[in-house]
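Okay, got some structures for you below.
Heads up, the next two complexes both have subunit A, just with different partners, subunit B and then subunit C.
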Partner chain A sequence: MLFTAKTRSLAVAAILLAPCTATLAETPEERGLAIAIEGDKRDQGYVDSTANMKMILRNRAGKESTRNVRIKSLEVEGDGDKSLSIFDEPADVKGTTSLTWSHSTKPDEQWLYLPALKRVKRISSKNKSGPFMGSEFAFEDIGSQEVDKYTYKYLRDEDFESAKTFVMERYPTDKNSGYTKQVVWIEQDRYIALKLEFYDRKGSLLKTLVSSDFQQYLDKFWRPSTLEMTNHQSGKSTTLVFSDYQFQTGLKSSDFSKNALKKQ
Partner chain B sequence: MLEKYMYWLVKLRWFAILITFITVGLLGSGGRFLSFTTDYEVFFGDSNPQLTTFQELQAVYTKNDNALIMLSPADGVVFTAETLQAITELTEEAWNTPYSSRVDSLSNFQYTYAEEDDLTVEDLINNPTELSENDLVKLKEIALAQPLLVNRLLSPAADVTGINITFELPTENANEVPFEIMKHIDQMLLDIETRYPNITTAKTGVVAMNKAFPESTFKDAKTLIPAAFAIILIGFMVLTRSLWGTVGALIVMLMSIMAAMGTAGWMGIVLTPPSASAPTLILTLAVADCVHFLITFFQQMRAGKEKHQAIRESVRLNFSPIFLTSLTTAIGFLSMNFSDSPPFHDLGTITAIGVVYAFVLSIFFLPALMAVLPVKAPASRKAETGLMNSLASISIKYYRALLVVVGVLIVALLAMIPRNELNDEFVKYFDDSLEFRQDTDLIGEKLTGMYFIDYSIDAKLASGINAPDYLQQLESFEYWLQSQPEVIHVNALSETFRRLNKNMHGDDGSFYKLPEDKELAAQYLLLYEMSLPFGLDLNNQINFDKSATRLTATLQNLPTKDVLAFEVKVQEWMASNTPSLETAGSSPTIMFSHISKRNISSMLAGTTIALVLISLILMISLRSFKYGLLSLIPNLVPAGMAFGIWALFNGQVGLSVSVVVAMTLGIVVDDTIHFLSKYLRARREQGLNTEDAIRYAFNTVGEALFITTVILTAGFMILAQSSFAINADMGLMTAITICLALFIDFFFLPPLLIWLDKRQSTSDEPHGTLHPVS
Partner chain C sequence: MTGQGHALDWRGNVSSEFTYFPKSSVGTNNWKFNSSIAAEVELTHDLTDAIRLTMHPFIRWDQQDDERSRVGVRELLLSTSGDTWEFNAGLGTVFWGVTESRNPVDIINQTDSIEDIAGDEKLGQLMLNLKWFSDYGDFEAFLLPQHHKRTFSGADGRPFAGITVNPDLTSYESNQGSTHTDIALRWAHSFDAWDVGLHYFDGTSRDPILIPQVIATTAELAPRYPLIKQLGLDAQGLYGDLAIKTELIHQTGNEITSHVEAVTGLEYTLVGFLSPLQENDKLPQDWCTPDTRNILKMLACNDRLDLGIVLEYLWDERGQQSAHPFQNDLLAGLRFAFNDAASSDALMGIVQDLDGGATTLSLETSTRIYESYRLKLLGRQFLNTKEDSSFSTIKNESFLQLELSYFF
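Moving on to the complex of A and B:
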């Protein structure tokens, strides 16, 4: 009896302690990865989406310039998503379309259709960290954020603007990335990134991205309506405003092929 | 009142000494707030139009603050696997430089070419260690065909290459930043030179120059100030032959400098090379006050007066002259506040404060100190008045000849003044004892120029830079600039468009021309921008809404007048060829090209006010309108003659000379005051005739004037050894002026007095019984 009672209480203790010991055994790297995986999981199943993106560029003196782009995305199971960006403004690049196939482990592939030349041109996969349409966003900032594109390290829990967040660092695995490190604030309830800091090659803070006005679509998927990127070194900033989000619009894989580019 | 003051001063001598030490200590403690500037822009006032234009341009594009590193392989061949590897490594490491925003080099040059139907944009050099001989030859060929590289980052002979680092400098702790950056770069270069012993490096650029300002100041502080002290103290010792007198003078000089620099600290003044020369000036000027007090003091003691009595007598006799000369000197220096260039405000203000402190110390502290020290009068020197007497005789006997000869000399030298050319090649502000100058000259000779002009070419419409009309005009401006002999290199967006157009047509050379429609140009640019890696974007060349581009012309080392002539030529060409693109050039070179002219006109007002004030003071102290007016000749002519001599021997005048007239005015006027007041005293009090009064003036103050001139000349000649050309020129020019002032006072003023009196011999007696102040 005594023995049984003892074992039982030990078993109970073990069960009670299990989550704690599990947490203790988990390294900050594992915890970070787990958070990233959870975030990725929660966004699975959106199938496809379309949206309008307005890009407002601001220079050091606060003057503004606007660009308009339509975005189409397609979820690809087991690999990175595919996306199309169709430029509507400025007028001289109207109809220019970029197609991106994100990949989780190998470099993304990217093409640009130039209507004035009526040709599709491949973009070198090494260089994807330059400014996107003269904005403060690099292509890698707005491209599909696959889990494998980074390694992670959980730092702490923190309140960010009254939301409970996980704060973690992530390090790009691509050696051609423009960054050495990013710090991300992920809201604990919805697993959405509220704030991102980008650190340049010398480890200095380069930019901060703040996402806001999140809307929920299909009762599941959270999308920000506003992305505000501030470059701390140049004093310039860019705001992205998303509108007219549509999900599961029936886009097909063939809509995201090189041949389809010319027809946009 | 002066009697009462002296009575109490001698009585409370210990208290006076204590009070002085405490006050000087408190003032001097402000020295801890002093810092040294590391920004060339301090030479320009806030309202300087060239600075404003340049700042506007830098706000639109990325800033120009840079460091340029040159790599020279010993074998004179850049295209070897080893050298290319060194360039690649250094380029990688350069990205880690604090505050860097961009690194451009041969290795990360974004080489574009057609590959089948695609545009490939990649680093020019990849994996250099795996390159074959054949690859190296091909690479060299490619690189030498890139207009954006040759004469900028690669010499035409491909024997040296450059790495340019661009910075976004923070505004906080700005004075520390260049040190932090250059420390990193020095370490980086040391590392490369250690691992690649065949490669030597040199560095220049705005950040390197900014660091050279305090470096030049520290170098001067270490050598010039001790030298000034040594020479002046030795001179003082020889002159007075009194150890305690010399000690007293030393303490006065030290305390004047400490208190003045401390006050500058309390005022929040940030030192620049010009204002950091204030200690040397204060030291030199303080000496004169001490000389006057001590000489009279010793004379009185030798005449048998008791020590305290001698002190009182010396203060009584010297108070007015020291006060007057200090006042005029301070006015001269304060007028430097009219300068357009803020470092001279500070130099003028600090020196004027130092002069005032020196005055207070020499009539308050020095007498008290002498009262407590066991000082004895040195043995009387055999009067060398024989020499002064002969000089007086010469001046009187040959007055007509002197009047003509010196008069002609003056006119001849004044006529030379216009032969001076304004020149402010700012690199040459630093003499070749400084590493910055050596490296910059070397890089200028082998790789590229330090002087450039930026043009922000405005299409006046968002996306306007893609329009064929705009691009054609930009290109014709680019080509025209390239054909100018002054231009080493032109960086224009039109070159990028030509190259892209060729690449997009399968590298067909016949398409090496501008795209013919706007959409095509815009889409090429979009594709190209999307293909560029982090940090190598076009933000340094294109503004954010694509309504303007920056064109940079790198120039040979040109004297200022040629830069200004070039800019005029550019404006004329634009007006008749590309009128819609018309824009003023902007750069540090342009800013410095205008600085002397701006300063001379701003100092005209300052100099005039100083002249009027000083002349008024002279008239009041001499109690004569006529002699006050006459004093203008010995006060102004020496500076004019100095400029004439300068034209003969040098001919290049820069920023510093704009303040020389005002500055020397306050100093040379002292000679005039002393000479004329003695002359007038002799005529008025002793009723001597002109000749005898001149002899009297020579005998009483001639020697003292000679000695103070020697001391001042020595002090300014030490400043002339400065490693910073602005200070050196100012020192030399002032030394020449001071010597000429004595020459005029001895050999032109007396003949002039005789001649004037001969002309109006009927009314020979001037101004009845008025008493001069000294």
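Moving on to the complex of A and C:
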């Protein structure tokens, strides 16, 4: 139930990859890393943000079920971001809230508030590969995407749906990741990830994520309105629809404390 | 909790419950089926930008037990807060604790034992509560001016204890009776992997001493609430998928034996614990296809299934003189999370009295249906209860309960 940091989250991180300042003698690894670093830099300064997220789960037969989650994020200078996810639907988990403090150098800290029991539970952040709310998104897909969480390798330039993109591979550094490899298509103009492929621990293609309907906020930050994740092995898919993005809303550090969990 | 600004938010449910006891009980209440309907709603309303009102009424009708048919309020609370403080006044509910089986440190609210045999349900407590949040931890103070009696099943309730607790015979050590003002203080802080809390309580105990009384020819239990002083510690350390949990209290008082109670244990979670079967090609190739309809194959191929292992030891220095049955007991439990669209889960547990008293087996499983409903199945079996154990009166009782709840 943990929605980690940065509302930009949702693999959107990959979105923030950088311009290609290809210098001579740069290795594919150096070039991939440079793209990632520049992308990360481009998303700095958002301060805080809020958004509504609708999650539509679809099984093989096309049967749908829906979740509604409100997300609040706070940028933390020099460390990972803090985020709150408040569940409004399904009704049996209404009011359940998760708080995540992501960290760049030590494990993230996560708490869950269960309103029926008035109980705040600290929970493990090690579970990266598990599904988020029964969906096709794993926790690591929607978590804060720090540069250090992957190593990179630039592959080629390619046209993707009439956009010029960089294609590169990235490899999770966390041994608890459910993936051996991801392939990402980054639009060269806006440096946003249009498509991501996820390869499982056996090296087989597991899922594809396509992001679309990008909107720009504060003349700077690009966010997708729709994310479509398809699991090729199970035939299931999950669509995320974002609405009501707000930036610099005046959220404070105290809004992201354990005590604030009960007051959402 | 919907919409911006919290003008009026609510969460609630309506539930129907069917219980079957396969065997007859001791005593006169030999019914085997029970049904019950309940509703509750928790409303929050921001009266002004600074003041929030929380209301949580509930109602239950029970076919067999008149004591369980009732209307009540779990919360009626006014709250206001700043960045570093919070103030609450009214009927409130507070949870302290970290362990799964029992929470000896959770002393603010009275247990609503008639509602839920596991003791998770609480009755609203009248309180003035001030919290202050600092770099040195969170500090809390409570003034609790009104004591709430524990609820007990009536003569028609099951599982039947053989003898009924009569709330009309309640007495207090304090000469102010139920209006003695209790105080409680708490400090809680996080240190890297550890969350630690310390508390002090001075007032009327939430646990009554049950004294047998014979009035005319009827034997009943009279609850007596002693004055106590309690010092307690709760701590949880989290190391990856391993959680270490401890609750410890020391209680003194004129009418009770000074003693220590503890619950300590661990919970270890195996995330996707069957996924290595597929990753290492331990399963036949044709098993894990999306078309499989064979339940066994589907289970073996479920790489989303998490397994949690819970082990806890429960102890009370007073031994058989404890005010509860968990003086020297071990809980072992398995918790399954299916991580499916219906958020299905299952919990299997055994509580063994190490003094040879009793074994309690428990199974609880639930799943979501039609988006807003949840179906829950609960089974419990009490075994091998010796005559002198606290469970002796419910020896060999067992029941199966099906609950369907609609949430809104």
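Operating definition for what follows: the second predicted complex is superposed on the first by the 242 of 264 C-alpha atoms of A that agree within 3 Å, B and C clash if a C-alpha of one lies under 4 Å from a C-alpha of the other, contacts with A are read in each partner's own complex, and residues count from 1 in each chain.
We take it that a residue touches a chain if its C-beta (ideal position, glycine included) is under 8 Å from a C-beta of that chain, and two chains touch if they have at least 3 such contacts.
All values derive from a computational prediction rather than experimental measurement.
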{"item": "Room on subunit A for both subunit B and subunit C (clash or fit)", "value": "clash"}
{"item": "Which of subunit B and subunit C A:P28 touches, first, second, both or neither", "value": "neither"}
{"item": "Touched partner set for A:I86, first subunit B, second subunit C, both or neither", "value": "second"}
{"item": "Contacts of A:A61 with subunit B and subunit C, given as first, second, both or neither", "value": "first"}
{"item": "First (subunit B), second (subunit C), both or neither touched by A:S254", "value": "second"}
{"item": "Partner chain in contact with A:P172 - subunit B first, subunit C second, else both or neither", "value": "neither"}
{"item": "Clash with subunit C, by subunit B stretch, listed 23-31, 491-499 or 599-607", "value": "491-499"}
{"item": "Overlap of subunit C and subunit B interfaces on subunit A (superposed complexes)", "value": "57, 59-60, 65, 90-94, 115, 117, 119, 122-124, 126-127, 129-131, 133-134, 178, 200-202, 233-234"}
{"item": "Complex contacts: residues of subunit A adjacent to subunit B", "value": "57-61, 63, 65, 87, 90-94, 96, 98, 110, 112, 114-117, 119, 121-124, 126-127, 129-134, 138-139, 176-179, 200-204, 233-234, 236"}
{"item": "Residues of subunit A touching subunit C in the complex", "value": "57, 59-60, 65-66, 86, 88-95, 107, 115, 117-119, 122-124, 126-127, 129-131, 133-135, 178, 200-202, 233-235, 252, 254, 257-259, 263-264"}
{"item": "Residues on subunit B engaged by subunit A in the complex (per definition of touch)", "value": "59-60, 62, 95-101, 117-122, 168, 462-463, 466, 504, 517-524, 526-527, 529-539, 542-546"}
{"item": "In the complex with subunit A, residue positions of subunit C that touch it", "value": "1-2, 11, 13, 42, 52, 79, 81, 83-84, 86, 93-95, 97, 120, 122, 131, 133, 138, 190, 195, 236, 238, 240-241, 243, 269, 271-272, 278-279, 290, 304, 306, 339-343, 368, 371-374, 405, 407-408"}
